[in-house]
Amino acid sequence: MLIRVINPNTTRAMTDLIGRCARVVAAPGTVVEAVTPSMGPASIESHYEEALAVPGILEQVAQGERDGADAYVLACFGDPGLDAARELATGPVLGIAEAAMHAATMVGRRFSIVTTLGRTMGRAHELVDRYGFRDACAGVHACEIPVLELDAPGSRAEAIVTDYCRLAVEGDGADAVVLGCAGMADLCARISDAVGVPVVDGVTAATTLAQSLVTLGLRPAVAGEYATPPPKAMRGLLAPFEIAAAAVGGGPSPAAAPLVVTAD
Amino acid sequence: MLIRVINPNTTRAMTDLIGRCARVVAAPGTVVEAVTPSMGPASIESHYEEALAVPGILEQVAQGERDGADAYVLACFGDPGLDAARELATGPVLGIAEAAMHAATMVGRRFSIVTTLGRTMGRAHELVDRYGFRDACAGVHACEIPVLELDAPGSRAEAIVTDYCRLAVEGDGADAVVLGCAGMADLCARISDAVGVPVVDGVTAATTLAQSLVTLGLRPAVAGEYATPPPKAMRGLLAPFEIAAAAVGGGPSPAAAPLVVTAD
Amino acid sequence: MLIRVINPNTTRAMTDLIGRCARVVAAPGTVVEAVTPSMGPASIESHYEEALAVPGILEQVAQGERDGADAYVLACFGDPGLDAARELATGPVLGIAEAAMHAATMVGRRFSIVTTLGRTMGRAHELVDRYGFRDACAGVHACEIPVLELDAPGSRAEAIVTDYCRLAVEGDGADAVVLGCAGMADLCARISDAVGVPVVDGVTAATTLAQSLVTLGLRPAVAGEYATPPPKAMRGLLAPFEIAAAAVGGGPSPAAAPLVVTAD
Amino acid sequence: MLIRVINPNTTRAMTDLIGRCARVVAAPGTVVEAVTPSMGPASIESHYEEALAVPGILEQVAQGERDGADAYVLACFGDPGLDAARELATGPVLGIAEAAMHAATMVGRRFSIVTTLGRTMGRAHELVDRYGFRDACAGVHACEIPVLELDAPGSRAEAIVTDYCRLAVEGDGADAVVLGCAGMADLCARISDAVGVPVVDGVTAATTLAQSLVTLGLRPAVAGEYATPPPKAMRGLLAPFEIAAAAVGGGPSPAAAPLVVTAD
Amino acid sequence: MLIRVINPNTTRAMTDLIGRCARVVAAPGTVVEAVTPSMGPASIESHYEEALAVPGILEQVAQGERDGADAYVLACFGDPGLDAARELATGPVLGIAEAAMHAATMVGRRFSIVTTLGRTMGRAHELVDRYGFRDACAGVHACEIPVLELDAPGSRAEAIVTDYCRLAVEGDGADAVVLGCAGMADLCARISDAVGVPVVDGVTAATTLAQSLVTLGLRPAVAGEYATPPPKAMRGLLAPFEIAAAAVGGGPSPAAAPLVVTAD
Amino acid sequence: MLIRVINPNTTRAMTDLIGRCARVVAAPGTVVEAVTPSMGPASIESHYEEALAVPGILEQVAQGERDGADAYVLACFGDPGLDAARELATGPVLGIAEAAMHAATMVGRRFSIVTTLGRTMGRAHELVDRYGFRDACAGVHACEIPVLELDAPGSRAEAIVTDYCRLAVEGDGADAVVLGCAGMADLCARISDAVGVPVVDGVTAATTLAQSLVTLGLRPAVAGEYATPPPKAMRGLLAPFEIAAAAVGGGPSPAAAPLVVTAD
């Protein structure tokens, strides 16, 4: 089984971190391929950046289809481009916020989210609602550490994130914590030990859940909302994303001359 | 007052239609400028197309900021890129789904939506939830007419849309109808006469409501979720969307060498 | 266009204040007429007073219909008699709580309400729910200043209301504030400057939104819930509110010998 | 124990019917007093009529306080004036929609409502929401029989209402039915036999539940939302409803020269 | 009328307390029979104990059917086995959490719950949701006093529970309090006096409400979800709970050789 | 990894079916052990039977703890005893309704449930709500086939269930179907082929998801709601379920002389 884990930002060091974490939880026989888009922002901390991360994600899904990927993980907590990716992909696509929240509610009654910047909390709430977890979400907290500083040498990030997780457990009455950034993937086990409740990282959660969906033979329906997009003119800078009429019969891949993919 | 009405697709004929309708409801002294992005899909009927419409929308908002626009209307019923646009804009930004639903609930208890293709209904439900109108929405119906055929010569589109609106009123118990596509903007009054309840078109609704918000002096808060995105590297094809560090002090406009805007 | 702004209480000074504020936001060509009912309470701070304000409001709507009003604003934050007024009126009727909440959610994700007395908070929550904004409402706060003391000479009301607005922004995480009393209409701009997020006054919001609805040609459906009430005997003290059978064909106005209206 | 059952309309025959039904379920020692307001509409089938029924209801509560009533039932399915009545009353006040819905959910999982005119369904939905029964309410159906024709000699009302109840059970999957009008109080047992699920009439439900609340010693808190309204000027036609400053210390009754109450 | 009040735990002293409280609110002619199951836990403070209390409850309902009980009260705040009991019983069955929440919302807008151990709060929230009172519930608080210590000689339980009730009123803005344990039934009136809002005990609430339902002739439908369970093999330790085929025609009682009931 | 799949009823043939299906999806290195309780009903089609299935489930979890099970699947669509099992177990416990709904929402926007008897639909709705999927659930349908007839030789069950699934897709607009009974586990793939959308069986879904949770190191928190139940007297027939004081330090297993477990 081939699972393509897409880092929606263009920072290679994060792709490496994400790939390492995802591989730890893959079953024997599952290959995890962590990739970086050729275009888009260095990190995602605003709606603007999230929107501009989506073309790069779609490029990576299209390439994954050509490579025979069985499932995809979108490794940014805003779950950018999730629905669009589901239209392109033959197999399941999971966002890490989606996966982490599902996993958290299977082991606890109420979870809190600890995320990076306060300005992303609106999006977190929106995703909580979309996935059905409004009642299960006890709180959303921002530790105000930018994504790319989480792993900076000498960073106090781990201590601060741990403090926020503890606050969430005590103040919100949560019995699980969801980490709100792919860049926190490697902190998960240590924080769980420190705060005494399950702490969920979306990268690993999405990887194992995607693997489960493939094993179950589940994939989005081929008709309806997640059908392959119809062939249609795509103008200007985004012309490479045009889906040629010929492509549709043969599958969801964009047109003849695809973008150069710069995978990991 | 300058209101920039952005047609999120790249079909000029629709920009023209949208502009004509919007101008009808503008107050004396309000200038409506209808514009077409330089990039993106010819019409929007999938999540993929909606995602790829967003860069063009952001390009138009950035240009609008340079031109002194007071408010923006995003004239596609999926309200694509709304949050990202709010980060870039100084003034209010309204989606036409958002505006139409608000207007409908101010004159009736429950509205139904009549939209184009069935595959867009998931997005319509998502927006209904986001804006708080789950209880007010009596139903969503698709008439399965593609966006670009709504105005085709000899099209039976108006008759079919009218039938669906009548169905909504009778079957759902709705006392208002929301038209789910910018391309239906010119049908609004005639359908309302035919079905006997208020029928709301989002383009005109958003134009007048945006005008109201400007008059009221309301605009998104400058700090928090809708603050200007931070300066950050933007790679590859999307490099023109990089926000230079220098730009931020002076306002939300992207960097020094902006994309060429091909406004109407 | 004639917009009739009804002050639901019988205090003329408040009618004057409301009228002044409403006129500031009216478009060229829109006439704002602020009126005071001939009957009812001096201010509205309880359910009892709100209920007894409704006959006076209906009297003013009936008079407005005779005068050709195009729309109505009910300028009390409890939105008293809104549904009944919609039955009488040919054009749109907006409550100021309704309008303010709609406007707030068009510029921010979550708003808090700052109102007068704590005993009115139950009604505020009820209206939040009715209009669909339960998830958008971050909090309701009472500053415990009676309505008629808001504008008393030497009052510290503005400072106190501003403090509560700041509290709402910081404590609730709101990115917009709704002022919960028509008597606060003139404080709006200064408080917004002080707290750094959009602050919405319902009187001005309702006036511009009503104007928008008229421009859009939207009005409650003539059949169904908001149809003209049927002719029926009305006994005792309230006999003047009887709707004569003859009146119904010709419109929604109550019977032949109407109450004397003491408009501003 | 004295329970005052207020018929919110001014039709004596309905007061008599309501009183007869209520007395059947009263415990030994409970006196049921059915009363008719001196003012207001002959029946209530619109928001306008409901609003104009409230002064008469408040008149009857004020009189009940002078007479030592222990609890009140408001016998119109729109529960008009409920909150205002709670402010005036020392003991509990129950609306019949409120009571019927509570009772229905104690014996079944989901109930449907069968009411009179379609135009009242919006209010029914609003009450369902207010009392928390949105998920428990399987449907609302209108049989389009005016209130005052329910008991007309030779009326087919019972057969029609029974048919609608059967429809609700089969079509909605309801396992209880709530009758949506005080005028249906005497049909309850026969319809229940016919349709095979519990059928709830609000008049009898409210009478027994009010009796239970009195037995339990429960009454609205004396401070907060349901505190006695403050003394305040009441102008014009409604001047008799002014609450004198002197009255407040001694209780919630309106001022010295009360309206003449024309009780049953 | 015979109301069987079942103490779901096997501690006789609590059965006695519950019976005493229930009898105080029974109407003349109503017999209250408080019973203790022959099997199960000494008190209920976990999901495990609640689950293992259910067989004993069902034993008591089966015995009640043989004894001609008209209604049942399940006197544990988790409302254990409520749906199963409704299948066995001919008349209404009320849980004390259910009854207390219904009663609280009939006298106040929002209630808080004060319960025993923190680990039971998840169940309390679940019941709040099930009965429709998510919006009406202002908070749930645990005073961390084990059930069987509530009435221990020299216990400070009453003072602590009172403090938590006061906290709920002030901190949550509740205007009613629900006591979250049958063992608090005798504290109700004194705490209400102390905190100034209605305080509801579920045992007395359920007893009077069950009496009301019997008076109203309401009982779960005989078909559908609450029909008598079908005859079916029951193996091993639980064989005595097998419902014999013969029993079903004649009523809901389990098979020929019933468990010995050790009622009070 | 050892996953214990508990068939909550006492019919061995169903245990065998469930075990076979679960093993198909287990990863290399995962051992699936399907077990049958020593006590309880032959099948579960009522609340009564579900309640009486719980002791046998808890017996099997206790035995699993002694055997070193890493996770548990409760293979009845009512998810009986889920919370109690979580208190006993060290590792994750998943119900098949829970798992199936989570899986369905990861591949589609809205799912419908096709279950056995209509009388179980109330429980299905309750679980939908508990897990947060009220908005995602498009409908619940009962095909009125008893559990033990699903696999009867010559049964038309598969054809009937397939018809109901098709109805759900077309009538509800669902883009995924959840099968509402463990006894349907082997029909899943064929029905999915027939109806063209993903069809989810809970047994396989729960097995793979439980495996994922173990891989992720997630398990319920050891303190709080899901802590081991306290030692406490358990009387009468259920005395074997008493948790001895000594047991608690050493783990969650019930007391010294455990029930005889009759595992597969």
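Note that the chains are named A, B, C, D, E and F in the order they appear, and that numbering of residues resets to 1 at the start of each chain.
Going forward, contacts are C-beta pairs under 8 Å (C-beta built on N, C-alpha and C of every residue); 3 or more make two chains touch, one makes a residue touch a chain.
Computed from a predicted structure; not experimentally measured.
Identification of common neighbours of subunit D and subunit E yields C, F. Think of each touching pair as a link: the shortest run of links from subunit A to subunit E has 1 of them. More C-beta pairs touch across one of B-F and C-D than the other; that pair is C-D.
Averaged C-alpha coordinates put the centre of subunit C at 46 Å from the centre of subunit E. Distance between chain centres (mean CA atoms), subunit A to subunit F: 29 Å.
A straight line joining the Cα centres of subunit A and subunit D is 54 Å long.
Among the residues of subunit D, those touching two or more other chains are numbered 109, 121-122, 129, 134-135, 224-225. Across the whole structure, chains are in contact as follows: A-B, A-C, A-E, A-F, B-C, B-D, B-F, C-D, C-E, D-E, D-F, E-F.
Across the complex, subunit C meets subunit E through its residues 121-122, 125, 129, 134. Against subunit C, in their complex, subunit D makes its touches with residues 10, 37-43, 45-52, 54-56, 58, 81, 83-84, 86-88, 118-123, 126, 129-130, 224-225, 227, 229-230, 232-241, 243, 259.
Within the complex formed with subunit D, the residues of subunit E that make contact are 25, 27-29, 92, 94, 98-99, 102-103, 105-109, 131-136, 175-176, 189, 192, 196-198, 200, 204-205, 208-209, 211-213, 215-226. Contact residues of subunit C toward subunit A in the complex are 109, 135, 173.
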